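We just call them A, B, C and D in the order they show up, numbering each chain from 1.
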């Protein structure tokens, strides 16, 4: 018999997640997603009775469940107190919430985002979304442009490959020789991170993926006036935005890119992650 | 000594063209581009005295020069009557205007767009612009999506290659075996144009490049509800828009894509084309 | 009812062709291919009675059928005199043989190689074979090497794309601006054919596809000593082999590459071409 | 002042290494490489006096230095006893030799192969060499073939990417969901390692990179007769060669591929690795 699942709040990713689970034949209800046209909306009481509860990514902010697609509010502490130890909670970026829920409420909260496959899959919509933003911002095509990707993590690698595939001249910067060797075998030009200064003038587009203050005033003032710098690093990001404003740099930021530009793809990544978690727990859906 | 050049009207492509010619050291003035922040704006009299006059793409509409970036107007017939036989006129999509200017006014008007290299170069911003529009329209990434490209011309070939490079499953449809063989060697799935019917349901995105009414009601009603169909064929296009509206198909159109999304790249293509024309006439710039 | 087909002589491509036709359920006999381990070997008399006769590529040399895989010989004129007007003959590179067979013997000989799709499909094994030869000849990887592809025809385009995909720095040379524009949109560096001289020193590998004497002593003496030059142009080729020997250039030639390195793939191209011919004649197999 | 360097034995990689170091302006002598036409051959005494000694990869076998390119022999223990503590030794795959040399002889032996960048760089000639072997072994092109790459390490990833770039349909097998997610974002089909059995029949070529006995009789008997299986795993490899012989499987092995097919590229990787070692020790060359 299929488990009952409730998708509780979240953004368009959770709406799509509910649809995808339904397509797979799951028994799904949703709550807190009505402005996203989610299927099988149910009253809160019914949703809270499900065997499996899927929570937003991130789960809560300022003590409340993240609920951008409804006018309702839901206090997190009240929610926890209404759940039972034999329900399974799945949320994104749960961090310190998981151990606290276990110790304070005896609840099991697992993280569907904190898995290699989820983060890899999420890097695709991030990379594509970044390309879409760059296309919009620039007066020229990606093809033929000089692009710098700082950082060699998941997003950096995927983004560099796709920029190159579209015809850009791609340079990748990294700190470690191993990463620079990877950049070489994929065919990119290379810059050591400590040699960015003095070598930035040729770039038409720069994509930062390094989650540390890399682009300070010293580097920003070296950018060409028409260069577009997109910061893809998670908050607080890698660009000194105040300095950028003063220097009239063209800087874009892109929080929550996957959810905004390709919620369906991001939802499929969450779904796969959830399936793998359940499989590993020996309770396949 | 450098020739004097006047860029007369047009859109952001012509603004960038003026900048690029300046960068190359040409003696350039502009007229009718003031809202595009064009360099070296000059009074009409001075512009009309240039040795080389660069006109819009297309040159005129309803008897007037195409002037989207100014409040001024310029009657085409009056313009021709003010020019001399020893000036060289260059415009885009000049069609029947060229022979008429010669016979009626003794003026030489050449087409900077009607050259293989100009159209090939222009296919790049068209293909990229199409990808940008599809990214915006879809809830999923290009990566992993099922894409159909109808037609195997310049835009079709470039677009198919870039979609594949971004990770899409690409099918190309064409009529001729030779074109289908090309599709095979580039690694695309293939459909004969006469077999589109009955095979459309799997596609998430369809890009039409065939300049003939291909997507009539009979085909349109076979599209999935969430399929995004982008018509890239020049006017009147390849999609029955009335039927599409009735059937609630998601159809996008994209007139003037290169000029809108990558005017600088489109301008570089025009510049190269102009240089080649001048070179072939034995009067390099 | 299936047509009876005889595959008469040829090399390993024809052996594979017989196998592929059998796989498709055709009624096939073979003659003159015994050293290639061809299926359904039959006596000549039986083979000549087939409705469809498939001849080698090229058909004959010095008045005899091309028979590298048998000790038998078959005089071409004798062969023609034993055939009937209601049989269909299909051969490769038939050239002037076709009209002569019709006028002298009333026989219909069609060319399975002289079709766009056959030549496109054949360019794939040629390009791959060239890459295999270059890998063998060079002390370095394709990745990271400087490669020049002269000519922008079918083989040139496919070869350039695959070299780039393997990580080479690819330059394409061509004469026409349209071809050079294509090279640009695919992301290659470009050289005008008349500017090869003086620009050859950087190349590690050069692949000539131009069927005209391009690499004469004047160009050959500009190659680096360790440069590998592979001539892919059909006979008489594009390299002055005598001069190359004197100058100690490292030159490779590659006649009949598809048949040697990928006979099965080449056979599939011939099969498709034959099917298209029969379809267009209204007598599908 | 440049350090004096001696390249002592090894194969064609060490020959090229000597040449590349010379090109960089180093003061180099070689010993034990005369059949490889190495530059600056010197007597052993002189070579042993160098500040930096570069040893083979691997350093010794059966108590002797690895010397395939000379008729001389050199006993390893004797060699160590002739060296001084202020010389720096660099060798490949030094393993337990390094600590023993330090404890027994006070000698510093560092490994130029045991670094991420060296192994990444080495994966390129391995991947290319594998493609060259597959091209030779198969009757069909890589393009259009069904290829399986088992394992998602350096070689697996590079090989899969290049096979796909050449037009193959690529499937990657791995054990971990994270690796399978990477395979998905690069656009490959995926198989879990434990699901290989029953899914092998479609493959034309299989490349094993997993260093464990994966292809036992049970899997081998599932391969198509014309399937080519290339074992790229380091010794003892991942294929039961005895079973393969009995089952008449077409199996290739490829020990020392980089050194054999692209010694110059492999040498460049070693050189870079040596430079990085010296830089990190604060004694740049």
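Going forward, a contact is a pair of C-beta atoms (placed from the backbone, for glycine too) under 8 Å apart; a residue touches a chain by one contact, two chains touch by 3 or more.
This is a predicted model, so every value here is computed, not measured.
Engineer: Hey, which chain ends up farthest from subunit D, C-alpha centres compared?
Structural biologist: It is B.
Engineer: Which chain pair is joined by more contacting C-beta pairs, A-B or A-D?
Structural biologist: Looking at A-D and A-B side by side, A-B shows more C-beta contacts.
Engineer: Round to the nearest whole Å and give the separation of the Cα centres of subunit B and subunit D.
Structural biologist: Spacing between the chain centres: roughly 50 Å.
Engineer: Rounded to the nearest whole Å, what is the centre-to-centre distance of subunit A and subunit B, using the mean of the C-alpha atoms as each centre?
Structural biologist: Computed from C-alpha means, the inter-chain centre distance equals 36 Å.
Engineer: Scan subunit B for residues touching two or more other chains and write them down.
Structural biologist: 124, 143-144, 167, 184-186
Engineer: Which label fits the chain touch graph of this model best, line, ring, star, complete or other?
Structural biologist: Drawn as a graph, the chains make a fully connected set, so complete.
Engineer: Along subunit B, where are the residues that touch subunit D in the complex?
Structural biologist: Subunit B residues touching subunit D: 143-144, 167, 184-187.
Engineer: Where on subunit B is subunit C touching in the complex?
Structural biologist: Within the complex, subunit B touches subunit C at residues 115-118, 120-121, 123-124, 158, 161, 176-178, 180-182, 184-186, 276.
Engineer: What part of subunit C is in contact with subunit D in the complex they form?
Structural biologist: So the residues of subunit C in touch with subunit D come to 12, 16, 124-125, 128-129, 131-132, 135-136, 138-144, 162, 165-167, 261-265.
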